[in-house]
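In what follows, a structure is listed as structure tokens, so that the remarks can point back to it.
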């Protein structure tokens, strides 16, 4: 998938081991999202993720928003505990894992909520020609000033407080999809499903790349908790980025599985 | 010790594992010595040895006389069992181990009995200018026709049935020792001790290399059974070839240790 | 050395080859198990299913070590709802791995799946689940009772043993008395790594189980010991990653093998091992099973 | 992370650092032990010495495996004649490793060396010597009795434990009851490799013990478990090959460590580990021993 366009930053890491990093800064990005900067950073490819250990609490997957940052939405126990940390505290990191987005110029990026995190490096390295970004409200729009400097940005909010009123899919109608070499997508499951349907209708499913979220326990492709139907691919290892056409008849948007492996409707 | 003058033959081997080889031929060299040819052979440096397993019996160290032969004197249980094998039978091999002789032209070689085995490759590759070879009797002289084709040979026998009557040291008097770049020695312990004394008296101990025999169990430097006094060097790993001057005040010629580690006078 | 291919009859199952997926590795969903079968496995063992749904231990659950993997998953499983996963696998060589806290729980879970699974494998060996797995599997009497509770249902019953005991043959013999159709050896070796930077054990559960190449010599030894003491077939497991490893396990006494950790890097390892393992001019497999005991 | 250097008081010994040579590795002769001390070891444990001279098992006695070594030396030793070897080591931190078939034999051997050795280490753990080592060391009552027989002589008595038991803490507690000054964990893990070409186990003794990197996670787990159950100091052993490994063992609960297999490739590993381990601005060692239990 795409050759290496973006130089790898930072030190290569012993991916197998749990490495400790020290939090150097915590930035409040939006009311619910914070970026945690840490040291040392390490080389990665945009779209790759790390398994982050909050010592004594749990380990959770997080996309890298830079070589030395993760950008986290507070949703439950582990993210809650992460929000309790301070600069100077230690985290455990395994990774980076997964395949990442193809690195091509002429990319259309579509981000929903904290899904902007894995897309950020693509934008900042000038590969993204246009970015569609959506959030619940204007103040939940992530990285906006920074991203606007690097690419043309179209905005949608659920409450209409900024840009188009409604889901980010609404913006898709205005876009000449076939002019882009590829379309990279990350956001909530329902949003990605809607985007994929639109792209498929436009014949662009094969040129689109979606970054999926599934419950991850190992991150390295051994435990099976992140496998998707119907082909059993592992989101952690065969993904998290999959081409849109390979997801057309999948569980995407229909159901997912929880920590115990029970299915739950999306 | 010496740069690589002799090309390495055969396949490199996984030194750690026990590899099976098949006996392809058995040659009666002398009344008590046989050469066992096997397949496959492997790359080695002259003076290195292998640990040879006679399945179900024992494992014993043997110098390589070629990349695919060992030349064995029958002395006890394991060598006796080896003499019972036939072409087609399997042996186990670990190695090659140890450091080998420096590979320099202008070598004087001194062989006693089956000690000719590790010196044979040096001679056959044209590094040996002169070979002094000793044995109990004329028919125990090893590899004689072959060696005579490659170098000038002086012979001594204990019973006088060929060459000079008496030990191989007797030949040393006739030799202009200082004209050789190095002196490589392998033979019975008492013979090596006598040779080393003569060489030391001639100021040549620092240019001589002796291949030692000690009881070996692991061959890789972990068990400690082959260590020599007073410095605890391991014959299997730090040797088996040692420079003469480093052996001047050692246990050489005085005592050795048996399988249990008990000292016994040489 | 190669062996001839053909149907493998072992522990009440007829498999297309000697290579099975080990329990708990990519075995949480039906589609994942189907993928492994499509990748050339002769049979698949599911994730261990218990009497209640379980979310497993807090993370980290898995960490790589030199030559192996350390895990403490904590037996996450959807319990009875796993039936849904098995639908896509109807008629396939699926062995349902079961765990429970006592013989009754084992039997209950087995009875749920008596219509869908081809055989059962009793997890009496997981080293990091308090009250389950090896907590029972280190006591020969409990091994016998749990085996008995399931084998009496009439389906092939395999018993998976832990190496973390003084004498694994006592547990093997207990399973045999309980009516086991086969023994599976081994589950992971109890182990731990500590993060010196975080000053705490790496795994959320602190203690876990070591798998992969590191434990292969331990697994060979266990299979060898069981072959000397038991009459039912043994399925070798632990650190297998090549056709040579399979032959070695068979010579130790294994009639078939399971592969776990090595599947991680290459799910189709079953096909590539089979390519190396089988040949029409190979020797019959029966002639090498246990031949190292001669 | 680094620690400060200084005299290490452990199990009745005062050592110049935390790094000891493990029993049976380059420990057959006095000059070899002296070489290891000259290479920076804080103390050396001898080859295990028994009541009678022993030639050991037929070869092969050692074979390399991925990430480790498999050995079945069979306790070769010169018995009482070993006194001669110790002469060059007078006054040095030498721990005499002892094996025996019963408490009396342990005591007999210990009494021979009561004047020359600084401490004793009881080999109740070798996994491949019928009637010795783990044959006794898997039975807590025998562990206690053997320990008692030696500790009553009044010299520091260390007891080396086997990981090949269901619960290592039972043996640790038994040694503690018997008056042990320290526990050493672990001896090798029972294992086997088979030569598929020769169709027989590689080792002359068939079964042997696995050492080296492969067993490090098992050793850490054993030390961790012992630290939770026993009060006497623990000396960690098994697969240690770097300063990081030493720190990890100490955090698990070890007050000092022993190094065996890693000495093979580099006898002066003691010096190089010490260089990485100690620093004048490091933390005091006492603050990290057992700190992973927090």
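Order as written gives the chain letters A, B, C and D; numbering starts at 1 within each chain.
Operating definition for what follows: a contact is a pair of C-beta atoms (placed from the backbone, for glycine too) under 8 Å apart; a residue touches a chain by one contact, two chains touch by 3 or more.
Keep in mind that this is a model prediction, so the values were computed, not measured.
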Apart from subunit C, which chains still form joined groups through touching: A | B, D
item	value
Interchain centroid distance [CA atoms averaged], subunit C/subunit D, Å	33
Subunit A-subunit D separation of Cα centroids, rounded to whole Å	50
Centre-to-centre distance between subunit C and subunit A (centres being mean Cα positions), rounded to whole Å	35
Centroid distance [mean C-alpha coordinates] between subunit B and subunit A, Å	66
Subunit C: positions in contact with at least two other chains	65, 197, 200
Pairwise touch network: line, ring, star, complete, or other	line
Every chain pair in contact, whichever chains are involved	A-C, B-D, C-D
Residue numbers on subunit B that touch subunit D, as the complex places them	15-20, 51, 53, 55-60, 90, 92, 94, 217-225, 227-234, 237, 257-263
Subunit D to subunit C touching residues, read off their complex	1, 65-68, 70, 138, 164-166, 189-194, 196-197, 199-201, 206-207, 210, 213-218, 220-221, 224, 244, 247-248, 251-252, 288, 291-292, 294
Residue ranges of subunit D in contact with subunit B within the complex	24-36, 47, 53-56, 58-65, 69, 71, 73, 76-79, 81-82, 84-85, 88, 195, 197-198, 200, 202, 204, 260-261, 263-265
